[in-house]
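Accompanying notes for the structure given below.
All chains are identified by letter, namely A, B and C, in their written order; residue positions are counted from 1 within each chain.
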Amino acid sequence: MTAFIQYTLQGLSTGGFYALSALGLAVIFGVLGVVNFSHGACYMLGAVAATVLLDTLGLGFWAALPLVTLLMFVFGVLMERLLVRWLLKLDPLYNFLLTFGITLVLVDLVKRRYGVSSLPYQVPAGLEGRIDLGSLSLSRYQLFVSVFSVLVCLAVWMLLTKTRIGMIVRASTEDAERSRALGINVGRWVTPVFGFGIALAGLAGVLAAPFRAVNADMGSNFIIVLFAVVVIGGLGSILGAVVAGFLVGLVEAFGQAYADRFSQVLIFVLMALVVLIRPAGLFGKEEAA
Amino acid sequence: MRTKSIAVAATAVTGSLLLAACGGGGPASAGGKISDGKVVLGLLNDQSGVYKDLSGPNSKVAIQMAIDDYKKKYGDKAVAKDIEIVQADHQNKPDIANTKAQEMYDRDKADIILDVPTSSAALAVANQAKAKKKLYINIGAGSTALTGASCNKYTFHWAYDTAMLAAGTASAVVDQGGKNWSIVYPDYAFGQDMNKSFTAAIEKGGGKVQQSIATPFPNDNFATFITKAQSSKPDVIGTMAAGGDLVNFVKQFNQAGLQGKTKLAVGLMFITDIHNLGVDQFQGTQFTDAWYWNFDDQNRAWADRFKAKTNVRPSFAHAGNYSAALNYLEAVQAAGTDKADDVVKQLEGKKINDVFLRNGEVRAADHNVTHDVYLAKVKSKDQVKEDWDLEEIVKTIPAATAYAPPSGACKM
Amino acid sequence: MSERATAQPTATERASGDVLAVESLSAWYGEARVLTDVSLAVQPGEVVTLVGRNGAGKTTLLRSIMGLHRHVEGTISWGGRELGKASPDARAKAGIGWVPDDRGIYASLSVAENLTLPPVVNKDAWTLEQVYEQFPVLHERRDFPGTKLSGGEQQMLAMARVLRMGSRLLLLDEPSEGLAPVIVQRIGEIIRQIKAQGVAVLLVEQNVKFASTVADRHYLLAQGRVVESLDNDAFQSRTTELLEYLGM
């Protein structure tokens, strides 16, 4: 029983991180209809940026958290303005290919500049070690990441549900064409939303730096899991991304505990099941036939 | 003497005719019975991916050092006068390795291929070597199949293999009292091989493997795997992860609060891993190293030369490439030709002591190159005296104990 | 957005100018031409219906006016200005209100949010209070997700939404479709009320009977062409013939 609770705790804490990481992907798909393949690369850039800030300017984790997020927002804005925007009117496949290309370029640029090996990054002071609760124990940093992720998800949720900006974003997410016909300049929201999504990827990257290998390839495997998360949750659904994030975290933890080598496969089995039963995902809107 | 000079003259004539036929160009080289007038060393390894730092382009530097040393030693008497290096990136993929090896042997006229990390790629190149009847010395890969079921006359395995890593690390750690193990290994050829070798070595030493946990590969999240490995309260957790996965594992192991509580043994680790990540993460971790640059003056002197050219300290793979290239050239010198069969004859059974190999022997039976290896421990920050001063050599493991006897699986 | 709204002239200031004029409009889906040379006009305070079979091009015409269907030739002008390549949101802000045939209610927005989402584009737009007064059920359900309403309520909501924007031209796509007679009747009342306020209404209808109770004029659309233009009296006298013609 203790083991069961322990695995659940671990699954939830990984899940929080997945939810946060997938959130930006969901937001961008929702508003722009762009499947942003470069989300993994942006996550990687966030982590690499954190190590570089530490290395060159001596800025630690707590400074990197807001700073890298901001930088990645700017990066996202530029990416949308200079590249993504021009393909928005075409088949979504073009932007998928574009962001795939951006991924390759970013990964290779980072390799060229910082090599292929993992860069060092430490757990921030005060978050080392673990917390023991009776027979249960959790890594202090893991706990921090999940609580922080949940708070960010909550803040994003508040922003989306309680503000006019959020209302417009939700409406545009649900049906951009209709929103235009109702006088909403959806285009004006596209750039900041894209930047916001990329910023979330960068933020996830900074959070990942202390507990994951920071290297140019760190996003390539991760993006696959994130795609599973958003497909399970329903493409473009923000609530879906969060719920599916936790679900995938739990499946992974229990997979690791009881089906070791199949722990990753299980995520995709879950995805296949969800897609079979509800093609649009758990919280996705069914396409009107 | 007479026959030799005739041969030289014949080669020179053929060579110049050949050059004339090709429209000239290039220096005329008549270095004995050297095919195409030159010896071509092919370096085939990971030039852009996870294994780039531990070998990669810097191995070319190491091979060039071997060429320089060979030329310096033999001067005018050198059989191979014109020596060239070609290199290619196999991206750790067996299909690419296969094609590149073919190109190297056929188009680039490579007389030997060196390095080839990643076991599946390494085995693909062994097949090419066999088919083309050209030499191949593997340095970067760990698969015991290279000197087992997949062995062949032209393939040599120079630096390490999984059995040696297991024999070194597992027996040493068991001897120190680490009897009960949990092994976490990636579920692919190398990981499975390592798990088997480690389990055998632990049990042979009187230890016990409580759990063997297979993980997906590649994998970022090891949190629950670590919890599960710890659940049987082992003395040692052994991870067989490599590259980025190893970093993921170690970071998460430390965050689980296990650093210093449960012993961590790493199956395969390169000094570049420790250097890139810093000693803090790995401090106290034990592993088997095939060679360490700061082990003695001879190593250090070589490492200084290497650093002058690359600005980094060499990994064992760099030194291994140097040693393999140099000994190949020595064999060419002794054979008086680069004809593969003659060179193989020179190498087989050769006992070698050089900067890389101590008490080394090229075993004729399976072409495994056995030598003394080292049980290393990652230093703590306050023990580090200079850049790259990262390992404490706990003990030397003699070649005889480090390597398993030739396996019956190898039929030349 | 509110600055923009105050910059708009009031209904009376521009009532005379609020004319929708479509001239020689053709539209395509890829290679297929779905509208050919359509010309029509709607005056302020006038209710005009487009009647025709499914696939006659009625919805495409509304979407072209809204700027949602872009593959068109010909001119569409509103309030004396040619709309040209104006974006849908610019058209909405110029006072064109769209009520799509699926009602277009947002599932992820509450009833109240559905109402307040679009910008107010006219001074004399309905206030939220007016909307709730007219449609008490929307007030009761204001915190429900928009799609939890019944079909009739959703139709009310969709219409109330553009009235709160202060649209001067309503493009209503089959508002009576699939609704109970009593609700259809209520919708008829609302349309007459809107008309009384000088708003122009372009109504797509297959329900000939309903159309005749609310409209001033009718255009018959067949295979993308306007085949006949009738006033309501002529329309009513020929109802049976028209029904047959339309195959309804």
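Simple rule for what comes next: contacts are C-beta pairs under 8 Å (C-beta built on N, C-alpha and C of every residue); 3 or more make two chains touch, one makes a residue touch a chain.
The chain list, named the UniProt way, goes like this: A = Amino acid/amide ABC transporter membrane protein 1, HAAT family; C = Amino acid/amide ABC transporter ATP-binding protein 2, HAAT family.
Treat the numbers as computed from the prediction; the structure is a model and nothing was measured.
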item: Arrangement of touching chains [line / ring / star / complete / other]; value: line
item: Chain of greatest Cα-centre distance to chain C; value: B
item: Whole-Å separation of chain centres (CA-atom averages), chain B against chain C; value: 76
item: Centre-of-Cα separation between chain B and chain A, whole angstrom; value: 39
item: Two or more partner chains touched - positions in chain C; value: none
item: Contact set on chain C toward chain A in their complex; value: 66-68, 87-89, 91-93, 98, 100, 102, 104, 106-109, 113, 116-119, 121, 161-162, 165
item: Residues on chain B engaged by chain A in the complex (per definition of touch); value: 48-50, 52-53, 187, 213-216, 218-225, 227-228, 231, 244-248, 251-252, 254-257, 272-273, 276-278, 280-281
item: Sites on chain A touched by chain B in the complex; value: 3, 6-7, 10-11, 13-14, 111, 115-120, 122-123, 128-130, 137, 139-142, 210-215, 217-218, 221-222, 225, 252-254, 256-257, 260-265
item: Chain C-facing residues of chain A, complex; value: 167-168, 170-171, 173-175, 177-187, 285, 288
